[in-house]
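In the two assemblies presented below, chain A is common to both, partnered first by chain B and then by chain C.
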Partner chain A sequence: MAKWTELQDKSFLEATARERAVGIVDEGTFTEFCGPFDKIYSPHLPLMGEAIEYDDGLVAGVGKIGKKPIFVISQEGRFIGGSIGEVSGAKMVKTIQLASDLYEEMVSEKPDLPEEMRPAVVISFETGGVRLHEANAGLLAHAEVMDQIQNCRGRVPIISLIGSRVGCFGGMGFVAAATDVIIMSQFGRLGLTGPEVIEQEMGKDEFDASDRALVYRTTGGKHKYIIGDCNYLAADSIRSFRETTTAVLQKPMEEIETFRRIGSMEKIKEQIELVKLSVSLKPKDSMDVWAHAGNENPESLINMTLDEFLAQAKRLKA
Partner chain B sequence: MQKEKVWDKLSTDTEERMNAANELFSDRKVVPSQNGVALLEAVIRAGDRINLEGNNQKQADFLAECLGSCDSEKINNLHMVQSAVPLPIHLDIFDKGIAKKLDFAYGGPMAAKVAEFLREGKLELGAIHTYLELFARYFMDLTPRVSLICAYEGDKDGNLYTGFNTEDTPVIAEATKFRQGIVIAQVNKLVDKVQRVDIPGEWVDAVIESPKPFYLEPLFTRDPANITDTQVLMGMMALKGIYGEYGVQRLNHGIGFFTAAIELLLPTYGNELGLKGKICKHFALNPHPTMIPAIEDGWVESIHSFGGELGMQKYCEARPDIFFIGPDGSMRSNRAYSQTAGHYATDMFIGGTLQIDKYGNSSTATASRVAGFGGAPNMGCDAKGRRHVTDSWLKCGAEFEDQAALLGDMPRGKRLVVQMQETFKEKMDPSFVEKLDAWNLAKNANLDLAPVMIYSDDLTHIVTEEGIAYLAKCRGLEERMAAIRGVAGYTEVGLSADPKETKTLRERGIVKTPEDLGIDRSRANRSMLAAKSVKDLVDCSGGLYEPPARFVNW
Partner chain C sequence: MEIMMGQGRLAIEKIVDPESFKENTIGESSFEDNEVGPGAVVGTAQIGDQDCTIIASDAMAMNERFPVVYAGIIGLEEGYKMAMAVYKTIEADKEKKGTEKRPILLIVDTPGNGPGKQEEIFGMNKSTGAYQLALAEARKAGHPIVAMVIGRAISGAFLCHGLQADRILSLSSKFETMIHVMPLTSVSVITKLDIERLEELSKTNPVFAAGPDFFYQLGGVEELVEEVDGMRSCILKHIAEIREMKAAGEEARLGPWGRGALGEQRGGRMIRGKVMAMMDKQFFAFAEQNLY
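Let's turn to the complex of A and B:
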């Protein structure tokens, strides 16, 4: 693998899960849990004659950003679409749990533990959700991950990074939505039902999954930023994602809480307002929403550079 | 007294046919689209030679549908002379018995179907041509009686604006009209005054506003995201070992990821080698989006294009010093002229292929696909009629040992003809073979000749991930074959190489590995590319490049 310094300028979109995991924390600080040499792989796939990976398509480990312990989870889309099965799911669950346990241990030893030393979790999503080959175990893992995320509320911040090829769909779309902060690049995609499945179930008139431009302006980073599903847009490099993550983690937990989409009466009211808006606005295209948010020439936002976009785009206010 | 001879049978016949269509016109030369089929049935006769415009880019698809809907009882046994047959409707016309014989240049996605129809006897093949060769025959023995063409705009007097995608239209219209034929145009829009007259109204007999704009294939768009590290390595080798070595200033790039990689290496590795201003100044080339970074970085002086590339229109218009722009401010492509430039005025052709045999003949044909040639053979050959001199042409000529064997002491130049190919393709299919699949195709499809894209006697260099074979420097076929074996890697052809012989060839500079060229393999990766995604290209163009939806991932 390339050196940490070389990884920083690497495209986040093109990076492997391991490159993202190593590059997102400080140089030389990453230690992997249950790595490929431990050969912990899916027990289900061999029964179906399917190929396995010795890391089950998920890289987990711990590193540091400054003085903060950072628990990293990074999904690999090149292995069965980054799908979550029994083993990759368990690695996710346990890694979040370790962060929570470490937090408890540190705070019980030192109740006034400075903010800059408190652990955090960073999840780099690249997944379509449940691995259908081991659907029950995968679904269960999703539930357990959600449980761990709830358990971390207000104690251990959880940051989502979405900027890889597969995007973040299916059950993992829910998981990402339940984390504290979402950072995307304009090449990232976030949603629940994937475009192909929508087309299959509702027809091509409802959603043409072969129209890549449509798919990206409905699920992509720019749209998610405008409507508030994503908090920050980063450039497509590991460096940019690391710097954005570092900046977020310098904020106190109370402020990080405000970035959430769900989790309080106030947030629920905001979501209900958005649902009302979608009923009254009846958007035919995401650009209708952008226009409603005050962008006079929504089409021009599509091809803008990131800097131009961040300077000009107006975001939806609930 | 001798009976007076009739010299205007063609124009009399044309007049009769046009009279039969009289009532189908709504205003001057305008025919409503619902009368399309009736118009063709009125002016076409069974057995006619028909041109249906369409190449590897734009397609007169509405008129093709109309022709396909004609009554095959009335209209049948047509002889189609057309650049390409890439749409399903092109083959349906044969399936329905409306057409019988085909002379063409490029099969595209329908290549397998063409082979199938040949076997089943649904289609009779005249010949597979290059574009320029087919155009030449329009003025010799394959002049169309009726041509069905397409344009962006037309007016009621028949004036056409073909603009950015002018492509084959002038050649077809001129050949047809000046032998008293009939020219029918589908246009995207009927207007009062066309933006620019690309085809004069006098050459056009009927204009139909089609229900949908004509189909346009973005064939020359390569997404930088799909360029591999190996392609970057080979691009670096070609830049240093061929472009830089010969100082190639006038050239054509084929379609494909190898040349896309080279285009994206110019502003990075090219600058590092100090080659700006020394290479790649003039191109006969479609407006490849991957050229944007090199153009923006000041490498390119001029580009003339065969056709327009979807999404590149605004960018080209905004760079009138580089592209060929009309007084109205929009580009005009022209396949015939660009092919002529590619044949006579370039010093190098470089592109990928599918198979190369042990002698160095290469082909994109497989046993079951009649792929055709397009324009590559006209550029991937030595133009024997060329008389003007450039440095790289002379340099390659001077080292071309086998040419001297026939010329005595008379100096002559040689175009660089370069094939780039990884030793193995997808699914571990070897690129170097004992015998080309083209031989099997010739048998399966009953062709007189195995379709060869580039013949070995024209080829001067092969680039693989193993190295560059400098074939022009070889003495005789045996040595040429040894040089090919030397870069053919682990294919059967490559494994038959004698290591001692390859070593001697390396010492003589006939085979050069990346190390021989002084290229550090560890640097050969995607980080060398000036743009890594289509979005990078959009950003680099300042938002002028508008990629088709299928290439958008943001």
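Let's turn to the complex of A and C:
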């Protein structure tokens, strides 16, 4: 694998899950758990004649950013679409639990634990959710992940990174929504139902899944930034994702909690207002929402560079 | 055989004390706009001698603002309404001790989340994600949460409405209950294995096949219920057990985490525990060198 310094300018979109994991933390600090040399793979895939990977398509481990222990989960879309099975699910659940347990231990030893030492979790999503070859185990693992996320609330910040080719869909769309902070690139996509399924449900006239521009407008980073579902838009490099993550983690836990979209009655009331807007606006396209947010020429936002976009785009206030 | 699928409201009547269900009321609070989220039924009933929050789907309701919501689908409005019902429940009992919090009963019969364009533009993933977080918060605050599958418990919809419960019960397969991510026909398309082969495989491995029996083997369902009239007593039994376990500090045996251990005990999910044990060991070695 390329050196850490070389990884920094690598496209986040093109990088592998392991490159993202190594590059997102400080140089030389990443240690992988249940890595390829441990040869823990899905026992279910061979039964179905499917190839296995010795990391089951998910890189888990721990590194540091400054003094903070950073627990990293990075999904690999090149292996069965980054899908979650029994092994990859267990790795994800356990990584979050280790972060939570470490925080508990550190606080019990040092009740006034300085913010700069507070552990955090960083998840790079590249997945459509449950792996159908072992769907039941994958689904149950999703519920365990949500349970661990709730355990971390107000204690261990969880940051989502979404800038991969597969995006973040299915059950993992819930998981990302439930984390504290979401950082996307304009190439990242976040949602629940993938484009093909929407086309199947609504018909090609309503939603043409082969129209890539439409697909990106509906769930892509720029739209999610305008509507408030993602907190930051990063450039498409590991460096940019790392620097944005590092900046967020400088903030105290209470402030990080304010970045959330859901997770309390107050947050939900804001979301219900957004649903009312959806009812009154009846958007045919995301651009209807962009226009409502005050972007007079929404179409011009589509091809803007990141810097132009960040300087000009107006975001929705529910 | 009495099939309960599509009859969430009838199931409420069969389970709770006669005529005790008050829709749209939880504690002192009522739902301001009863028209929002018609696919979700929320309210308070008495079960035994206790107030109990009820959350169910109404398979007969259509949501005219969101045409993808029908037949029990959980849409944008429904997810937030269900989440709100949970937060109102937490609010209603916030002065009570953990051991005295009212139970929450989820009556599960839902085929999915709203799959539309408008839903994706506004973020359907937040709506039902919000509901899952709310349930996890209530469970950790001490509310006993029981999910009772009476019909369909499908994929992401089951994830939101069911899988965060302390205990999950299901009418057995003779009631045509369905628990799965995708039917075997879809698994067949993805895996390129024919249905006969998959059915053969499912006899020894419950990990992909559809149905409550397979979820039982994986620890994803605690108990199968063989009679419609048996639902009430089984739910009451589990509420009492959950209370006892929470009072004894045994929360780790409940909820999604508890079902992980149960899956291993029943021989269904055997590698999950090995992965976690290895990570514990590796992290301990790492921490010794790097963190202390």
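Note that the second predicted complex is superposed on the first by the 318 of 318 C-alpha atoms of A that agree within 3 Å, B and C clash if a C-alpha of one lies under 4 Å from a C-alpha of the other, contacts with A are read in each partner's own complex, and residues count from 1 in each chain.
Heads up, the rule we're going with is that contacts are C-beta pairs under 8 Å (C-beta built on N, C-alpha and C of every residue); 3 or more make two chains touch, one makes a residue touch a chain.
Just so it is clear, the structure is predicted and the values come from calculations on it, not from any experiment.
K.L.:
Taking chain A as the common reference, can chain B and chain C both be placed on it without clashing, or not? Answer clash or fit.
P.N.:
Chain B/chain C on chain A - fit side by side.
K.L.:
Going by the contact rule set out at the top, does A:225 touch chain B (first), chain C (second), both, or neither?
P.N.:
neither
K.L.:
Check the residue A:103 against both partner chains and state whether it touches chain B (first), chain C (second), both, or neither.
P.N.:
neither
K.L.:
Can A:305 be said to touch chain B (first), chain C (second), both, or neither?
P.N.:
A:305: touches chain B, not chain C.
K.L.:
On the A-aligned overlay, A:211 touches which partner chain: chain B = first, chain C = second, or both, or neither?
P.N.:
Only chain B is touched by A:211; chain C is not.
K.L.:
With both complexes superposed on chain A, which partner does A:133 reach: first (chain B), second (chain C), both or neither?
P.N.:
So A:133 only meets chain C here.
K.L.:
Quick one: chain B or chain C, who's touching more of chain A?
P.N.:
Partner touching more chain A residues in the overlay: C.
K.L.:
Angle at chain A, chain B to chain C, CA centres, as a multiple of 10°?
P.N.:
Here the answer is 120 degrees.
K.L.:
Now for A:30: first (chain B), second (chain C), both, or neither, which partner does it touch?
P.N.:
In the superposition, A:30 touches no partner, neither chain B nor chain C.
K.L.:
So after superposition, what is the minimum Cα distance from chain B to chain C, given in Å?
P.N.:
Minimum C-alpha separation, chain B to chain C: 15 Å.
K.L.:
Considering each complex separately, which residues of chain A are in contact with chain B in the first and with chain C in the second?
P.N.:
none
K.L.:
Chain A touches which residues of chain B in the complex?
P.N.:
225, 526-527, 532-533, 535, 538-539, 543, 546, 549-554
K.L.:
Would you pull the chain A residues touching chain B in the complex into a rising list?
P.N.:
Those in contact with chain B are residues 6, 9-11, 13-14, 186-187, 210-214, 216, 220-222, 236, 302-305.
K.L.:
Which residues of chain C touch chain A in their complex?
P.N.:
36, 65, 68, 76-77, 80, 83-84, 87-88, 91, 113, 115-130, 132-134, 136-137, 140, 155-156, 158-160, 163-164, 180-182, 186-187, 190-191, 193, 201, 205-209, 214-215, 218-220, 255-257, 259-260, 263, 269-276, 278-280, 282-283, 286-287, 290-291
K.L.:
Taking the touch rule as given, give the residues of chain A at its contact with chain C in the complex, in rising order.
P.N.:
31, 33-34, 38, 40, 42-44, 47-50, 60, 62, 69, 86-87, 89-91, 93-95, 98, 102, 129-130, 132-144, 146-147, 149-151, 153, 170-171, 173-178, 190-193, 197-198, 201-202, 206-207, 218-219, 223-224, 227, 229, 261-265, 267-268, 271-272, 274-275, 277-279, 282-283, 286, 289
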